[in-house]
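Look for subunit A in each of the two complexes below; its partner is subunit B in the first and subunit C in the second.
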Partner chain A sequence: MTADAATTDAPSGAEVTGPPQRRAGTSLGHRIYHSFVLRRLLRSAFVIWVVATGVFLMVRLLPGNPVDVYINQQIALYGKSYEQAAAEAQNYFRFDPATPMWRQYIDYLVGLLHGDMGTSITTPGVTVTEKIAHYLPWTLYSVGLALIISISIGLLLGMIMAYRRGGIIDHAVSIIGSGFHAIPNYLLAILIVVVGAVQLGIIDYTRMRGNHSPGVSPELSFRFLSDIGYHATLPMITYILTTVGTWALIMKASTTQVLGEDYVTVARARGLKDARIQTNYVGRNALLPLIAQIATQAGFIVGGAIFVEQTFSYEGVGLLLFESINTRDYPMIQGVLLVVTITVVLANLCADLVNAALDPRIRLGEGGAA
Partner chain B sequence: MPTTSPSSTPADGTGADGTSSAAGSRAADGTSTPVLSVKDLEVAYRTGKDSRVRALRGVSFDLHPHSSLALVGESGCGKTTLGLALLRLLPALGEITGGSITFTGDDGRAREVTDMTASQLRRWRWSEAAMVFQGAQNAFNPVLTVGAQMADTLRDHAPGRIRRKEILERSAEVLRSVRLEPRRVLGSYPHELSGGMKQRALIATGLLMRPRLLVLDEPTTALDILTQRTVIDLLAELREEFGFAMIFISHDLALAAELADRVVTMYAGTVVETGSTADIFSSPRHPYTSKLINAVPPVRGDLAELASIPGAPPSLATLPPGCAFAPRCELATDECRTAEPPLIPLTERPRDMTHAAACIHHDQVHHERKVIARA
Partner chain C sequence: MTATSSPVPDQQAVPTPAKSAGVSPLRRLFSELTRSTSGFIGLCLVLAIVLLSVVGPMIVGTSVPGDPMRAWEAPSSDHWLGLEGAGKDTLHLLIIGGRTVLMVGFLAATITTVIAVAIGALAGYFGGRFDAIMLQLTDIVMTVPQIVLLAVVGAFYKLDSPTLLAVIVGALSWPVLMRSIRAQVLSLKEREFVEAAQLLDVGWARIVFGEIVPNMASYILINFIIAVTNAIYAMVGLYLLGLAPQRGINWGIMINDAWTKGAMFNPDAMPYIIAPVTMIVLLQLGLILLTRTLDEILNPRLRDR
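What follows is the complex of A and B.
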């Protein structure tokens, strides 16, 4: 008994008294402490809180507040007097900039715990959740699909490049890919509009802008689907062109490294079929280091690309964020950034789980939890 | 030429070989067809657009069924290149530029390895010629279990579909023969096994298809001395049990002395001496072999006798005109530096055991006989 008591871990068993219970308490405490999933969840919650707080503070560091911005706009746009505009603002807004910061913060956190991200300041009566729910599907669709295409093509190209190092595809993709990678996506978007639509006139920009053509309503029909595909073409081309080369180059490096591994030579020596070697031996190992990088792209999928969406008047989350910042719509900005944060955190969690599923060496690390 | 062995009677050779039992036939009559016959093999590595380095220069030897041959030499002498070339596994920059590798299977049909197409090669590898690589630590795919990798091997060599039960039985059988517990090892990932276990699992994988030829490249290098012992004993036993011919690549002469019937010494990409293990170790006739043997710690006697070989092997890109070993040899004369000596047959023995050395001063090589064995 004494030997047992000596070997049990003191810190986690401290809250329980008496040697027999103490042992059970230790193992339970231990198990909670060592639980991989639980620890990851706690850490995720902490990260979300830190980001939420940071965003809350930084948003309020922006010069001006929603009311000031509104008043200035009214003066500049409609030539109203300050008093007149201020009186209008008073009627229009339910937001009082004089509320102490800590009060706003407490309200914000309490709201968040109830799953309530607040109400938009500039469009009273519309909740942040409603607004995001309205804009998010468009970004999910355009960026998500573009990324899937970009990653699939990129990984495939990367593997081909690695197998045929020094070949035509290798050289071409390396040069073109890194060239496009060096161009920011908003610049490419502007180039498409200026060169493709204005100068060459091969793109019907006025018809392609926006999410869908007027009069087309969301429904599960070919007409609607082809219409949104048509309107998403330009942003998607922008996203794909600016990212596909990067994926190809990363995959090439990873595959090249795996191709040099002993187990690939041994697999060839074992007379395995090429298809098996390329998928189970090379592909799977080359993909492992890329999973985390793919996960970080999740933030992009829900956050959208502010300037690209603006250039193409594509009403996605990026455009929503852009407008919210312009009007200092604090709850809106907080809401969008929070959704992005949560998505990135969750995606990383998923990446860990996928990694563990694909790589037994990682699985071993959590063996203590079982 | 040492390769002018009595093997030139293929008719009765095939017959005798087809009926020979697995064990104990290596001391046989000398009429069998060699499993592997390498003739004037040349391998070059591309080093630039138009520049090449000759890594193997006219290597020839025969390997008879159930016999074992040790390839010895310093690092960089072309041993591993030879091993890889035999299975056509040279890296992308390496290329067989001449010579032939003839493999004769159980059916007695001779096939030219250098002429095989990719798919012929794939089917031939492992089912008839397997290779155990240097450093087994990385020989298994880290994301698949050992069992899954053995199953892959069986599946890709099976003529049709193969049943799970058969896969398990055959995998378990070879694992048991390398004294591993199948139930434990089959479900394990490579990182869950120790170095020695991995090495044995790799040997077991090599035996899976019951190949006629097993090439082992430094199979014990990464192992500690006790594990080495286990692996060596195991190899000797497995050879009796499975009856494969073995090429054993090693810089460890003591190991060669223990496992091989025949020794081939390589230097700067070419064979400098060949002969039976007994001949080579009792009276080496090439100064390089003699010095290699002297560099092995003796079991008895003074450690001070240990002699290293001064200098380093020549760069294969800038070989001296004559004997490649001349710059490091105290017997070297002007004659050595002008022309590269051919292999000179010294003692005729049956079954390709002829002792031959590529040294014009072979009669001046005096070797102090000493006992070498593994600790």
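What follows is the complex of A and C.
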């Protein structure tokens, strides 16, 4: 899609090649689509900017802000002079208290653009960016893979439930899905450890926690991949079990609705093959509301990662945030909050773009409204 | 939902104020609710837990005597769920521990619902600039994962009371509901009864809060219960992480206490961990069953198919 949009940048090129009438139509469509992408990009950038500003205000301006707390702490605990403590705070938080606030704000934004988010307090010498870059891939890997598996299973179950409403699968999945939906993911994680590992001894918790076994180094080999898969199993099972029921129910609802549409009846009347109706007519249209949900769910799961990763000692961003909060590592907290937000914004953006690519009404409707 | 384009709008428009005037709508709802199995189970679960947590402490008292010599004692006839790490009766703690959870859950949900309904109804009814700004605002608030934001706020500023926690949870979680309320208002405001009220010139406040909002009552009720579930999820999580005040007794603190004391690996400590987890899960399950059933009862389109 992006390649398509790029090639139609020059409208003159579109007029020269191909049959004129059809090209004119796609060219107009592409221009609207192009502006839709642009608008979405701008909106995402705007959201990130607002959150960055919010973090700035929270850290620097509000009473009891971390910078003041840090300075006071240093003076009280180690008897440092104010200048000395302020200099340290300045180093950690990457700002100069002597300069006016607007100047600090500009410096902060410029720093962010260069990926500079200050230095971690608890591990001196390591920048926040480095540390996050070390932890983030694990969360993206475990949450992302779990999300894909969960959605695939949910889709399948949801479609089966919609086709056989009132059947055994429908009832079973509804009940089990509600049950697992009722268990908050952190409690499920605890239950897995307490019941599965300690009481029944099925799960070798002490060996499974962490990201990878000691001695296994990141490389593109079967050993490494199977090892990280093994260690990610428990968090992923937690994410999957707590979300799959929701996906199935959403898919069931939207499939049921699509099944009642006239074009499905017409397709049946035309004698099209069942498989074709199921994929092209029902599946494709039932999928649309699901994609919009993915973005919100992604944010929710990333938020839940803070609990789940802590329980399984899985060294992802969630655990990093938890540890930073406990040690009051403010630059780190600030960095994680920003990075998590940016991740969710990007997930939203992707969902929006995919949705627009699948459903012309969205991009055209937005274009008309604006 | 789509009142204007639907060929039979009358059928959906009728069961609002006119029809329900005869029989009390609440009673009718109640009887429908108890007729469905899952709704009945849900209602019983929620009522039982509320009763246990509200009335229970009055009977057994709120102070729990502890005998550290008898830590982690197994369940017996005197202590049905055994004793915890400081020799306190687990069942006793469990009964006392529900109050805060329920209080925070319902308070936070009330705050969320009030904010969401007020802003959503006004934004949907008036549209224009206010609507656009509010949509943009919700866009931003919905982007930041709520739990992460709560954890960070909890880290920067001491959340030293459950009430404050409830207020913050409530104040952060309204955007999703506000959006759906707004969408409802957008379709409701085209209906005849709103037009009639506009012709009578009764003023916007009465149209919005006297005509439109009561017509969404069932919808708001369902979303209120969902908000309770979400608030309980968030608050127990914060207690569990130790980011909320650890004073007092509640289920979240009990689990956190068990976890930090390493009770996970102590088979004797089983009841102390499992009990609060079970209570929270049952409460959540009850609330979810209630919402599902209410949704089916109040939303005829789901029932037909």
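The criterion applied here is as follows: the second predicted complex is superposed on the first by the 265 of 370 C-alpha atoms of A that agree within 3 Å, B and C clash if a C-alpha of one lies under 4 Å from a C-alpha of the other, contacts with A are read in each partner's own complex, and residues count from 1 in each chain.
Just so we're on the same page, a contact is a pair of C-beta atoms (placed from the backbone, for glycine too) under 8 Å apart; a residue touches a chain by one contact, two chains touch by 3 or more.
Bear in mind that the values here come from a model prediction, so they are computed numbers and not experimental data.
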| item | value |
| --- | --- |
| Touched partner set for A:281, first subunit B, second subunit C, both or neither | first |
| Touched partner set for A:263, first subunit B, second subunit C, both or neither | first |
| Partner chain(s) touched by A:158 [first = subunit B, second = subunit C, both, neither] | neither |
| Touched partner set for A:331, first subunit B, second subunit C, both or neither | neither |
| Superposed model, subunit A: greater residue contact from subunit B or subunit C | C |
| Which superposed partner A:118 touches (first subunit B, second subunit C, both, neither) | neither |
| Partner chain(s) touched by A:341 [first = subunit B, second = subunit C, both, neither] | second |
| Partner chain(s) touched by A:245 [first = subunit B, second = subunit C, both, neither] | neither |
| Residues of subunit A contacting subunit B in one complex and subunit C in the other | none |
| Complex contacts: residues of subunit A adjacent to subunit B | 261-263, 265-274, 276, 280-281, 284-285, 288, 358-361, 364 |
| Complex contacts: residues of subunit C adjacent to subunit A | 38, 139-140, 142-149, 151-152, 154-157, 176, 233, 236-237, 240-243, 255, 259, 264-265, 267, 270, 273-274, 277, 280-281, 284-285, 287-289, 292, 302, 305 |
| Of all residues in subunit A, those that touch subunit C in their complex | 43, 47, 50-51, 58-59, 62, 64-66, 165, 178-179, 181-184, 186-187, 190-191, 193-194, 198-199, 253, 256, 260, 296, 299-300, 302-304, 306-307, 310, 321-322, 325-326, 328, 330, 333, 336-337, 340-341, 344-345, 348 |
| Subunit A contact footprint on subunit B (complex, rising order) | 87, 89, 121-127, 130-131, 133, 135, 137-145, 152-153, 156-157, 189, 191-192, 202, 205 |
